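Shared between the two complexes below is subunit A, which pairs with subunit B and subunit C, respectively.
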Partner chain A sequence: MLNLSCPQEQLHVSVQTVSHGVSGRSTQPVQNNIYLESTSSGMRLVATDLEFISLEANIPATVRDQGAVTVPARLLTEVIGSLAGEEISLEADDHSTLRVTTARSSFRIRGMSAADFEMLPPIGDAARLEIPQRDMHSILSRTVFATSRDETRPILTGALFKIASGGIDVVATDTYRLALSNLTVDTTLEDGRSAIISERALNEVLRIIAADSDEPVGMVLSDSQVEFQVGAVKVGSRLIEGQFPNYEKVIPDDCDRSVTVDRAEFTNTLRRMLIVAREDSNRVVLRGSEGTLSITADSQDVGHAEEQIPAKLEGPEPEIAFNARYLLDALGALSHDEIVMQLSQPLSPGILKPADADDYTYVIMPMQIM
Partner chain B sequence: MPHIRILDEMMANRIAAGEVVERPASVVKELVENSLDAGASRIEVVLEEGGAKLIRVTDDGCGMDAEDAVLALQRFATSKVAVPEDLGQIATMGFRGEAMPSIASVSQMRITTRRHDADEGTMITIEGGEFTDARTVGCPPGTTVEVGQLFYNTPARRKYLRTTATERGHCTDWIAWLALARPDVAMKVSHDGAVLLASPGRGDLRAVISEIYGSNVARQMLPVDMDTGVLRIHGLVSRPELSRTTRRTQVFIVNGRYVRSSSLGHAVGEAYGILLPGGRQPLCVLHLEVPSELVDPNVHPTKIEVRFRNQGEIHNLMQQAVEEALEEAGLRPGRSFERRPGLPPEQAGRWKGPGFEEQTRARRLRLNPFFAAVDERDDGLEVHAAEPVIEAAFERGSQPERETTLVAEDRLEALGQVAATYIACRAGSDLLLVDQHRAAERVIADQIAGRDGGVQRQMLVLPMTLELTGAELAAVEEHRERLNEMGFQLEPFGGSDYICRSVPAALVDGSPEAALRSIIEELAEWGTVGNDEVREKLVATIACHAAIKSGQALTDREVHELIEALNASPTPAICPHGDPIIVTVERGELDRRFGRTPVTGAR
Partner chain C sequence: MIEWDPNQRIILHVDFDAFFASVEVRRNPDLRGKPIIVGGTSNRGVVSTASYEARKFGVHSAMPIWQARRRCPHGIFLPVDGPAYAEYSARAREILARFSPRMDPASIDEAYLDVTGSIRLFGGLEALLARIKSDIREELGITVSIGCAPNRLVAKMASDWDKPDGLSIVLPEELPERLFGLPVGVIPGVGGVTREKLAQMGVTTIGQLARVPLTLLERHFGKHGTYLHRAAHGRDDGVVPYYEPGDDDRKQISREETLAQDTRDSEVLEQRLLALSEEVARRLRRRGQFARTITLKVKLSNFKLFTRSETLPAPTDLEDDIFAHAREMLAKVRFGAQRARLIGVGVSNLTDEAAANQLSLFAEADDRREELAKARDEVVERFGKGAITRARLVHEPEVHDEDAESDVLDDDPLQRL
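For the complex of A and B:
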């Protein structure tokens, strides 16, 4: 029978982290619970939808007896969160009821038998690499937002990891734009590997890693599963099966004009334009001329908005319409001072990238009025 | 009988070419139509093995002499069209002249015919299009055409025939439609010796319906008869208790010809409105008599689709005709109060609440440019309009508040979401429930349809590849332009594949591929339909896919935004598919339910 005690703060953080693994949509009620186990060394918490997300945390605890139980995730999170700053004792009984006690309080949470709780199979024969958290954060934060929400095209709901000996490409597309981030790193992998990883798992990784940390993220990849290890937390997922589209083919190489602008200025302008544009599919028109980029938005019902910002223009004067939200997504993921847009014809794809770096390419498709 | 002439090449080209003979049913249709054109009063059809083995059509029509009979079998021989001008006034059915030679070329055919004024008849035998025998015979007046072993010389076509039961079903469908189109002609059909259908030919439509759908159905049909002087709509529609899930049992006959028209079906559905639960369709057999210059049936070789010069007007008149029939039967609230002449305008036209009836009417007024010209007899909202051309008033926006949007006291005020599906609202002292999905569909459809300069489209990084079935391919080829206008840029990609390079911007947060696939499937299923209808359907389908779903929890802000947008819609009560958006529980109803005596002053 599970019987242990541990500090509230650490337990609360772990319960909160792991509860993201509960989809709430599982047809087996027990999968909507958090699995708690007391092991010889401490406590293990697991939640999984058995498909695209599995979260596991291990924390130290004073273990009095070994055992496991499952309890509703939200209830447990609330209860633990309400018991500020105390040593908490957890004790399960034969009927899968969990007693949560502190010096003053006592809760009894009705749970379900741990025997019925399923987990992803242990990750088998696998390749392993380590990447600093800041690098992982950078490649994920610039790409994962471009994954598709359209569940009728499952492959695009994940990002492609293409790992070679000299580096990693991460690619995501929802067919309206495509984000490609490249990290040069010695992966110590002799033969390359590709995997399509669910947006759900990647967003969890993004949530728990730090943008400015040199601590490593472990990435373990088998033929059917992936596991990210961040400190005491593991994020697992089944890989999405299928063939990711050939992304190299869609990156245009015939852009004959470019516009370089200040990222912050462009971002703020687009946000203002969006007030009008959002009433009409977020459409903004970009026109470059004589050292300025003019950005306009028109909406039949709302009105008109227009703004000019200084720009460095090269080649013929560009004119093209984009979904402002797609531009803002990429601008928000970058931290560079200047960005460059490489464009050609009004109906041809454009590229947005940092002005002074080659590790990020964002292909964005224009809009057209019929 | 008018003399048969060979169409010159120009004429032949002007008539859309295409395959006429698809299956035994198409032969039955062509032969029976020929018999009707020959002035028959009795037609007998004998089928064997679903028509694949034998189709024999015997009539007591005018018959042909030997010369005409031979001419009838030459390609593009037709006695009905001589010069291009005539195409404007096609009044008979089988004007194309393609049918007989086409049928003869894929079967073993024998024609036995005698003119009423001739002493002897002619028998001609043709095999696979070759004349094998022609002789003089003794026979009764009229014509018998026997078509044996259909597709015997085109094994590929024969292979595509379905089971005997299926083919027989298609044949009887056609004869049923033709019998409903011509209640004055007695028709009898038998299959492998068993009589399947026998219409009495007394000119009594109800009797034909009784024969086809059963006496129980026939008893529950209500008469429709509306005559505008230019156009007449008459026939029978079912009481609301009698409904089906499909529109298959809706039969429309335009100038004596069976047609398919989802526009007319829609009009009938609109007339029933909330009398029928969602998804249920009334039965009907409705004849339209319109001047032939308003109809262009020369659209497809099988001539099932009609195109009206002013589709919208016909739609509205059809709806009105059925509404009147329902009102006559006391099934639909009449508008006697509003119709009373001499009422001050502000009372006559003012809405009593954002109810279904009034908005349906407002929509009709708004959509129908011919309304003022054709409809002066019925109508509450119209009484107050002194100007003859109501549409002009709308165009100028001189009375927009009253007519096309909810008046201030009838604006919906959102109270909250119910069951993640409905939004409870208040308007004046009434309680209203709004279907959130349908409301969102309406708002999006208004945006798409009302946008000046066309639909916004989003180009795709990766074009979608679509593998299409035969029917889908045909539908995409036919409607590619309309799909393009709505934002789906489609291009052939070899074989039966197409690629799609852009999608409507309204769909980017949804599943545009799923939407496109369902649109193509629907187009394939509808067969040939008019462009306006396709456009309307596309808007409805796109709106449906882009709209919030039933079961989706909304924030208070989203609820309010949706209701505000609905308040701004010209037709807030009807979703693009024609279903009601709002259910009203009036104050009086609440009082009744609580057993409260109506408070003085409450309506």
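For the complex of A and C:
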């Protein structure tokens, strides 16, 4: 029977982290619970939708007896969160009730038998690599936002990881824009590997890794599953099966004009234009001429907005309309001072990338100019 | 038995007689035979509808109420009960839709029907016309006047010749001469100004109008002149579109269904949602429109209504898109202890072209989806809805509600006896 105690703070963080693995949509009620287990060395917490997300945390604890129980995730999070600063004792009985006690308080939470709780199968024969958290953060934060929400095309709800011996490409697209980030790193993998990983799992990884940490993220990849290891937390998922679209084909190579602008300035301008543009599908029209990029938004119902910012133009003068949100998504994911847009005809795809780096390509389809 | 030229369409204009007043009489039989004026009880409004009894006193629609009171002091003045009239109108449409899939509810108190393909089903034109009148009279307690002609325009004029409870038939071969004796004012869209202008040209009857050269009419009236010329010759190419409930205006299309049994089983709900999404998408494609906003409607067992809308980055006419978003919204419905008793999906924010639109990186794939959908539509048009369907819709999934069994018993009519 589970019986242990541990400090509130660490338990609270783990419960919060793991509870994201609960989908709330499962047909089996027990899968809406968090699985708690006392092991010889401490405590293990697991939550999973058995499909695209599995979260597991291991924390040290003073174990008095070994066993497992499952309790509703939200309730547990709330109870543990309310007991700030105290040593917490957890004790399950044979009716799957969990007693949560501190020196002053006592809760009894009705749970369900751990025997019915299912988990993803252990990840089998697998390739393994390690990447610093800051690098993983960079490649994910620049791509995952471009995944599709359209569940009828499941492949696009994930990002493609293409891993070769010399580096990793991550690609995501919702068919309106495509984000491609490369990381040059020695993966120690001799054979290349590809996997489509669910946005849900990747967003969880993004949530728990730090943008400025040199600590490693472990990535374990089998034919059907992936597992990310960040300290004492594991994020697992089944891979999405299927053929990712041929993304290389849609990256234009015939752009004959370019616009270089200050990223922060362009971002602020687009945010202002969006006040009007959001009434018309977020459409903004960009026109370049004599060292200036003019950005306009028009809405029949609302009115008109217009702004000019200095720009470095090369080639013929560009004129093209984009969804401002798609531009802002990419601008927000970058930290470079200057970005460059490589464009051609008004109805042909454009590229947005950092002006002084080659590790990121954002392809964006235009909108019709009205 | 009327012999209709098989190369000509048979179009009906069904006009509900003194509609608002008739509904009031139906709801309160004591009003029968009395002069009823619907339009408000204060003196500031205008008459919406006057019963035929009130018309005898010179009361007509659009007349100020104070004037109607002066002409018909003992009239019964009633306020406008919009929802009640809409309800009767919807029921009348349901009845009319039995007689032809091509039905256009032009306004709250009139509709066009193209019955070319259905007269044989009803044993001939006369039988069909009699049946329309008797069905509406028996089920709704109101009368209609019908104009029957080879096109919408003449049918509309003809329904006015014999009111109330009338029937006027204009055979194809009677056109255009049948119209020639009528004053130009009976042509829909010819009001005081046009009538005045025509009178100055010495034209007061349709016959005279028909003899005015087209070029002259166009010089005086522009585009309207073309219409006048065609109208005078009894010509009109307007078609009666297919009618389906749920799209009474051009701004939205929706389909909903009450489930055979309350459930929260996502298998069942998603299957129904897919079927409804297909119907909505097919309707969009038939109208050549694209939708940007998708709305999910779920009515729970306790009749609480849940609706949620989402707006897409690019408009669509494909069931895949409509279903995908409706399903996402369905996943967010908080059922609590309730189950769903009705589910519906609708689209709005319609555009006539996908062009207002965000282009796609993988346009070829989208084009293929579009082609596939259109090919399916053709099969459905020709062979009916059952001819082609998705594998997912072939079998009704079993209901997995925990207490589904007791539900079945509750709903079993035998149990209630």
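General observations
Please note the rule applied: the second predicted complex is superposed on the first by the 368 of 370 C-alpha atoms of A that agree within 3 Å, B and C clash if a C-alpha of one lies under 4 Å from a C-alpha of the other, contacts with A are read in each partner's own complex, and residues count from 1 in each chain.
The criterion applied here is as follows: a residue touches a chain if its C-beta (ideal position, glycine included) is under 8 Å from a C-beta of that chain, and two chains touch if they have at least 3 such contacts.
None of these values were measured; they are calculated from a predicted model.
Clashing of subunit B with subunit C is the outcome of superposition onto subunit A.
Residue contacts after overlaying the shared chain place A:Ser335 against neither subunit B nor subunit C.
When both complexes are overlaid on chain A, the residue A:Pro245 reaches subunit B and subunit C alike. When the two complexes are overlaid on their common chain A, residue A:Tyr176 makes contact with subunit B and with subunit C alike. In the superposition on chain A, A:Gln300 contacts subunit B only, with no contact to subunit C. When both complexes are overlaid on chain A, the residue A:Pro349 reaches subunit B and subunit C alike. Look at A:Thr27: by the touch rule set out above, it reaches subunit C but stays clear of subunit B. Touch criterion met: A:Arg149 reaches subunit B and subunit C at once. When both structures are laid over each other on chain A, subunit C collides with subunit B only at 308-316; the other stretches in 128-136, 308-316 or 398-406 stay clear.
Residues common to the contacts of subunit A with subunit B and with subunit C across the two structures: 149-153, 173, 175-178, 245, 250, 281, 323, 347, 349, 363, 365-368, 370. Taken together, the subunit A residues at the contact with subunit C in this complex read 25, 27, 149-153, 173, 175-178, 245, 250, 281, 323, 347, 349, 363, 365-368, 370. Every residue of subunit C that touches subunit A in the complex is listed here, in rising order: 266, 292, 313-314, 320-321, 323-325, 327-328, 331, 355-362, 365-366, 400.
Interface of subunit A with subunit B (complex): residues 149-153, 173, 175-178, 245, 250, 280-283, 300, 323, 347, 349, 363, 365-370.
Those residues of subunit B lying in contact with subunit A across their complex are 450-462, 464, 484-487, 502, 505-506, 508-514.
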